[in-house]
Amino acid sequence: MVACVEIRAAGKTYSSARGPVVALADVSMDVAEGEFFSLLGPSGCGKSTLLKCIAGLEGTSTGAIRVRGQGLAGPPKGLGMVFQRDVLLDWRTILENVLITAEFQGLPKAEMTVRARALLERFGLGAFQDRHPWELSGGMRQRASICRALLCEPEILLMDEPFGALDAMTRDDLNVELTRIWQSARRTVVFVTHSIAEAVFLSDRVAMMSPGPGRIVEIVPIDLPRPRLLSIRETPEFARHVAHIRGLFAALGIVKE
Amino acid sequence: MVACVEIRAAGKTYSSARGPVVALADVSMDVAEGEFFSLLGPSGCGKSTLLKCIAGLEGTSTGAIRVRGQGLAGPPKGLGMVFQRDVLLDWRTILENVLITAEFQGLPKAEMTVRARALLERFGLGAFQDRHPWELSGGMRQRASICRALLCEPEILLMDEPFGALDAMTRDDLNVELTRIWQSARRTVVFVTHSIAEAVFLSDRVAMMSPGPGRIVEIVPIDLPRPRLLSIRETPEFARHVAHIRGLFAALGIVKE
Amino acid sequence: MMGLWSGSAGLRSTLAVLIGVVLLWEAAVWLLAPPPIILPPPSRIWVDFIEAPSYFLRNSWYTLSTTLVGFVLSVVLGVGLAVAIVNSRLAERIIYTLLVALNSLPKVALAPLFVIWMGTGIEPKIAIAVMLAIFSIVVDTVLGLRSVDPDAIALARVNHASPLKILVKIRFPNALPSLFVGMKVAISFALVGAIVGEFVAGSAGLGFVILVAQGQFDTSRVFVALVLLGLLGTILFYIVEAIERLVLPWHVSQRAVERPGGH
Amino acid sequence: MMGLWSGSAGLRSTLAVLIGVVLLWEAAVWLLAPPPIILPPPSRIWVDFIEAPSYFLRNSWYTLSTTLVGFVLSVVLGVGLAVAIVNSRLAERIIYTLLVALNSLPKVALAPLFVIWMGTGIEPKIAIAVMLAIFSIVVDTVLGLRSVDPDAIALARVNHASPLKILVKIRFPNALPSLFVGMKVAISFALVGAIVGEFVAGSAGLGFVILVAQGQFDTSRVFVALVLLGLLGTILFYIVEAIERLVLPWHVSQRAVERPGGH
Amino acid sequence: QDKISVRMDFAPWGIQAGMHLAEVKGWFKEANLVVDVQDGRGSGNTLQLVNAGQVDVGQIQLGLLAQARENGATVKSFAGFDRRTDLVVLVDKDSPIRKVQDFKGKNLVVFAASPWAPLIDLWLKQGGLDRTTVTVSFVDPAALWGTYTAKRADGLMSTIGSALPVAEKPRPSHGVLAEDAGIAFPSYGLIATEATLKTKADALKRLVATQQKAWAFMRDGGIDEGVEAMLKQRPDARLDRAVQREQIKITIDFFDTPATKGKPIGWQAEEDWKKHVDMMLAAGALKAPAKTSDLYTNDLIQ
C-alpha cells in the first residue's frame, strides 16, 4: 500500500479573540494511493479542519502532514476540493462557476466547457447552466460545486459533506455516480459525511473521529466486494458494518435518548 | 381536524433575466392544527419555495394560501422559521444571534437570555455561545439557527432541512429533542427534509413532491404510535412506510442506477 | 424591460425634482428680492444662457473633457494603488500615508504650486481633478478587494491560481460594487477638481467663465455656469449609475432595486 | 495583543514613511535649489514653525474643531439621508439629485452666498465642511444598507420586526464597513472643507494662515500650514481607522488583516 | 519679432486698457512684438508666475514687490503707471466718513491676500483705532462685493480705480484714501525677473514704449478708444462701457506723485520707493529695509 496522505500526530488550535479552540488533537492516519477514505464524526469534531489541513489551506499547529511524500507549504498539486459551503461566485453563471477551476489551472477553455456541460447534465443541472447561483435551490448549488471540483479530474479529491443538502434519492444516484468516477480513474478520495450508510457504501476504510478536540477513534476497513450496487445496502454484511460504526458513536456518548 | 395551513391550487413562477422558472404548479394541501407535517421531494422540486410561500415571504403567482383562516399579505403571526442556509449574522455572537428573534418580537431580554442559554446548552453549543459564527463548524451553525427559531416558542414552526449538516447521531439526538418539544406544546410543524427515515420517524403525515414544477404526488399518513422511540425505526411498520415512500421516489424516475 | 422602465421613470422623477427646485427658487427671488448681484432668478439665468449658448457650451465641453480625462486616470491609478495596498503591508503604509496627507491639503492652496510647476495648460487641471477624485476610489476599492469570502480564496489556492488570477477572477469582481461607489463619488470630485484647476490657471472652461463673470460682478453669468456644472455633475453621476446597473446585475444591492417591495 | 502590536508597528512604519519623505524633500531642495518662494526645504519650514508655534497650534486647533463638528454633522446627516434614500424611491430621486448637483459645484464659487447667508463666523465653514464630506458618507452607506443578505431580511420579516428594528439590527450593522469607508473619505474632505471655508471667510484657522502667508509671499509659512494640515489629516484618518478596527472585529476585511499570509 | 507673454493682475478692468489698445492699434506689431495678453488671478498669483518663469511680464500692484523680494523672489519693476497710492476704503456716498478716525465702531471687509492686509493695523493706528474698535472681516475676493453691496459691511477695502466705478450701480460710494493716512504704496506697473530683464531688455523697452504711447493717447482724450479696445479684445466678458471708462479715468488720475511730475509715463522716483519701504517697515510687513534698486529700474524707460 503506497501512502498518498500521511498524517502524523497532527494537532490544530485556532487562536481567537475569546481564547484558543483546540480543533484537532494528535491525529495520525494514512490514506493509500487510490483509496476511498471516509471521515465520520459528530458535528464540530474537526472533520472540516482536518480536510483543510490536508489541502494545505490551514497549517497544523503540531505534527506533520505529507501528501505524496511532500511536506505541505500550501495546497499540493492535483487536488480537487468540495467545500462544506458551496462557495459559488454570484457574478458567474453556473457554467462559469464550474469552469473556474479550469481557468485557475489554465486548462484549454473550449475543451473544458464541453466537459463542464456534460458534468452539469449528468448532475441534473443541464437546464440551469446559464442561471446565476441565487436562482438555484440549495441542493442544486451543492451539486454545482461538486461539478466544479470534478471538472479538472483531480488525482486527490477532498469532499466535505458534498451530498448534505440532497434528498435521499438524488443522493443515492450521485453516490453511484461518484463510485463510477472513482473506479474509472482510481483517484484518492477523502470524504467527509454524516451518513454512516453512505460512508460504508462508498469507502474502502472509514475513520471514526471523537468529539471535543478531534482524535481518530478507530479506522474501520470495509471489506464489501466491488463493484457495489445500491442493493448491497440490504445485505447483512453491510448492516454489520453500519451497526459497528453506530456502536462506536454510542460509545462516544453521542446518542442520548 | 382544524386546518392551520390551507393551500389551494398554489403556483409560483420566479421571473428572472433568463426567462421565468416555474417552481410550484398547482399545490393543494392542508396542514392541521398541531400536526407534524413533512415535505419530501427531489432536490429543486420547490420545497423551500413552498415553505417561503407559507411564511408569507414570497407571494404565490396563482392560487391562495390561508394560515389559520387568514389570507397572506406578509408573514402570519406566531411563526418560527429555520432557513435552509443558516443566516447567522457575523457581527453577533451565537447567543446574540439566537436572541435576535426575541429582540425582533420585543420580548423581555433577561428572561429570553436564560431561555437561549438553556437551548444552546441542550443543542450542544453551551461552550460556544460567546463565539462568532465564523468560528463554528457547519453543523454547529445549523444548530444555532434552530435554537434561534425555537426561542420564542412559535405556534407554527417551518423548518427547511434543519438537520442537513448534522451527523447521523447528532441528528437522531435532535430528532428526539424536536419530538419532545413538539409534543409538549403541540405546535404545528411543517418540516422539509431529505431523509425518508427522518420524515417517517417525526411526522403525522408526509407529503411527497414531484420534480420539475413542484406538485404534491401523495400524502402518506404515518400511523405509528406515539411517543416514538428511536427503536421504532427497527420495526416492520416503519420499514413499510419507508419502502412505500422510496417506491414513490422510484416511480418519479429519480433513482437511476 | 424592467431596467428600461425604471430608467425612464428615474429620469422623469429627476427632472421633476429639478423643475421643482427651479420654481421654488424663482418664487423665492420674487418674494425676497435679493439684489441680483447676490442671487439672480432662474428666468434671468436662462436669458443669460440663451444670449450666448455657444460660449457656455464650448466652455462646458472643455471642462467636461478635463473631467473625463481626470476621472479615467484616477480610476486606473486608484485601482492600481488599491491593488498594491491590498497586496503589501509596506505599500499600504507608504501609499495610504501619502495619499491621506495629500488628500487633506486644500487643492486651492496647492493650485498655485501646480501652476508654477506645470504651467497654465490642461495638465495642472487634470492633476487637480485626479487628486480630488482618486482618494475615494482607492479607499472604496481597498474595502472591496479585502471583503472577499475566505472560502473563495481557499478555492483559488487549492487550484493553484496565480495571485493575478485571484485578483482578476475573485477579488476584482468582488470589489466592483465598492469600486462603483468610489466612482460615483469620484466623478463629482473630478468635476470640482477640473473647475478648481481652471480657477487657478486657464483661459477656458466653466471655471474660467465663473472667474471672468465674477470679475465683472456678473452674478447671473456665474449662475449660468453653476447651473451647467450642476447639470453636468448630475448627468455624469447617473451615467456611472447606469453603467453600474449594466455591469452588476448580479449584486444584491442591484437585485433589491429590481424587485422593490416584495408583495 | 495582536491589534496593539500591529497598531504600533503601523505607527512606526507610517512615521518611517513620513521621515523618508522629509529627507527626500530636503535633499531635492539642496540639489535643485529652487528659490524658497517656490519650494522651501523642510528644515526652513521647521524653523518657521518653531519661531511661532503657538500661532500655528492655535490656528490648527481652530481648524480641527471646525473639521470635527463638520464631520460629525455629516455622519449624522449622511446616515439619515442614506436611510431615507434606501427606504423611498422618491426620497432617493430628490436627495440624490440635489446632493449630486450640489456636490458638483465648487464650494469656492458659492462663497458669496455662504458669506451673505451665514456671515463670517464658524457657520459657513461648518457648512462647507459638511457639503464636502457628506457625499461619500451617503453613497457608501446606501451601498451598505442595500447589500443585505435577502435571507436576513426574510428572518426579520418572519419575526414581524418593525422597519426600525430591521434598520437598527440588520441593515445598519451590515452597512458599518461601508460607512467606515465613507467616513475615512469624509474626514479628509471635512478638513479640506474647513480650510476652504476659511478661505471664503474667516480670520482664524490654517486656511487663513495660508491666505495671509500667500499674500505676503511667505511660502515657507504656507508650507508650515500645509504640513500641519497633512499631519492633521493623517492623524484623523488613522483615528477613524483605529475606531473601525475596534468596532468591526467581525468583518472579513478586518479578519483578513489580522491573519496575514496564512502560512 | 519678439514674443512676450504678459499676464494681467485680474479679470479685465480699466488698468488693462493700455495693453489692449496697443494691440488693437497695431502698436505692438509696429514695435516688432507679438504680445500674448493673459487675464490674471490676482496680483500675487501673477507675481508668482512671473517669478517662476511661466510668463515674461506681469502687470501688478508694485507694492507687493518688497515682501516678495524678502522671500527670495527675483522680480523687479521696470515701469510704474499708477505711481500714486490708490488703496482706498469705499463707504456709502452720503456717509460722513472721511478720515480713519471716523471708522470707529464700523466693520470693514477685505480679502486676506490683499495688499491691504499687512497695512491695516498701521492705517488704523493713524486714526487712533485698532482691531478692537473696528471689525475687519476677511472674505474671499468673490464674496467681497456681495458682502458690501448686501450692506453686511460698512466699508470695502480695495483700490480706488478698480472699485469705485464698480460700486456706482449696486451701492454708490465714495473713497477714503489710504494715502491720506500716510500709506505709501506704488500701484499698477510692469514686472519681470532679473533674468528676463537682461535677456529681453530690448523687447521690454519696446513694450514699455507702446504702453507710454497707449496711456498718453488715452490721457489726451482717447479713453473711449481704450474702452472699445477692451471690449474688442474681451468679447466674452460682457464689459460695461461706463465702468471701464471710469476705471481708466481714475487710473490716469493716479499716475503722478509730486516726485514724478513731468517725468515720462512709467518712470519711477527713488523718493516714492523710499517712502514705501519705510512705511512697510513701520507696518511690520518687512523684517529688514529693502534695497530700492532691487525693487525697480528705470533703465527701460525712454
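For clarity, chains are labelled A, B, C, D and E in written order, and residue numbers in each chain start from 1.
Going forward, a residue touches a chain if its C-beta (ideal position, glycine included) is under 8 Å from a C-beta of that chain, and two chains touch if they have at least 3 such contacts.
Remember, predicted model here, so these are calculated numbers, not experimental data.
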| item | value |
| --- | --- |
| Minimum number of chain-to-chain touching steps separating chain C from chain E | 1 |
| Joint neighbours of chain D and chain A, given as chain labels | B, C |
| Greatest separation from chain A - chain, by CA centre | E |
| Chains linked by the largest number of contacting C-beta pairs | C-D |
| Distance from chain D to chain B - Cα centre to Cα centre, in angstrom | 49 |
| Geometric centre distance via CA averages, chain E-chain A, whole Å | 85 |
| Centre-of-Cα separation between chain E and chain D, whole angstrom | 39 |
| Distance from the mean Cα position of chain B to that of chain A, given in whole angstrom | 26 |
| Of all residues in chain A, the ones touching two or more other chains | 57, 74, 85 |
| Per-residue multi-chain contacts in chain D, two or more chains | 38, 108-109, 112-113, 116, 149, 199, 214, 251-252, 255 |
| Sequence positions of chain E contacting 2 or more other chains | 48, 52, 142, 145-146, 150 |
| Chain C contact footprint on chain E (complex, rising order) | 10-13, 38-39, 41, 45, 48-49, 52, 54, 141-142, 145-146, 149-150, 166, 170, 236-240 |
| Residue ranges of chain C in contact with chain D within the complex | 10, 13-14, 16-18, 21, 38-39, 89-90, 93-94, 96-98, 100-110, 112-113, 116, 135-136, 139-140, 143, 146-150, 177-178, 181, 184-185, 188-189, 191-192, 195-196, 199, 207, 210, 214, 219, 222, 225-226, 229-234, 236-238, 251-253, 255-257, 260 |
| Residues of chain A touching chain C in the complex | 52, 55-57, 74-75, 77, 79-81, 83, 85, 87, 89-91, 100-101, 103-105, 132, 134, 152 |
| Interface residues, chain B side, partner chain A - complex | 14, 16, 18, 21, 40-44, 47-48, 84-85, 124, 130-131, 135-140, 143, 161, 164-173, 176, 194-196, 229-230, 246, 249-250, 254-257 |
| Sites on chain C touched by chain A in the complex | 149, 151-152, 154-161, 165, 169-170, 173-174, 176, 248, 250-252, 255 |
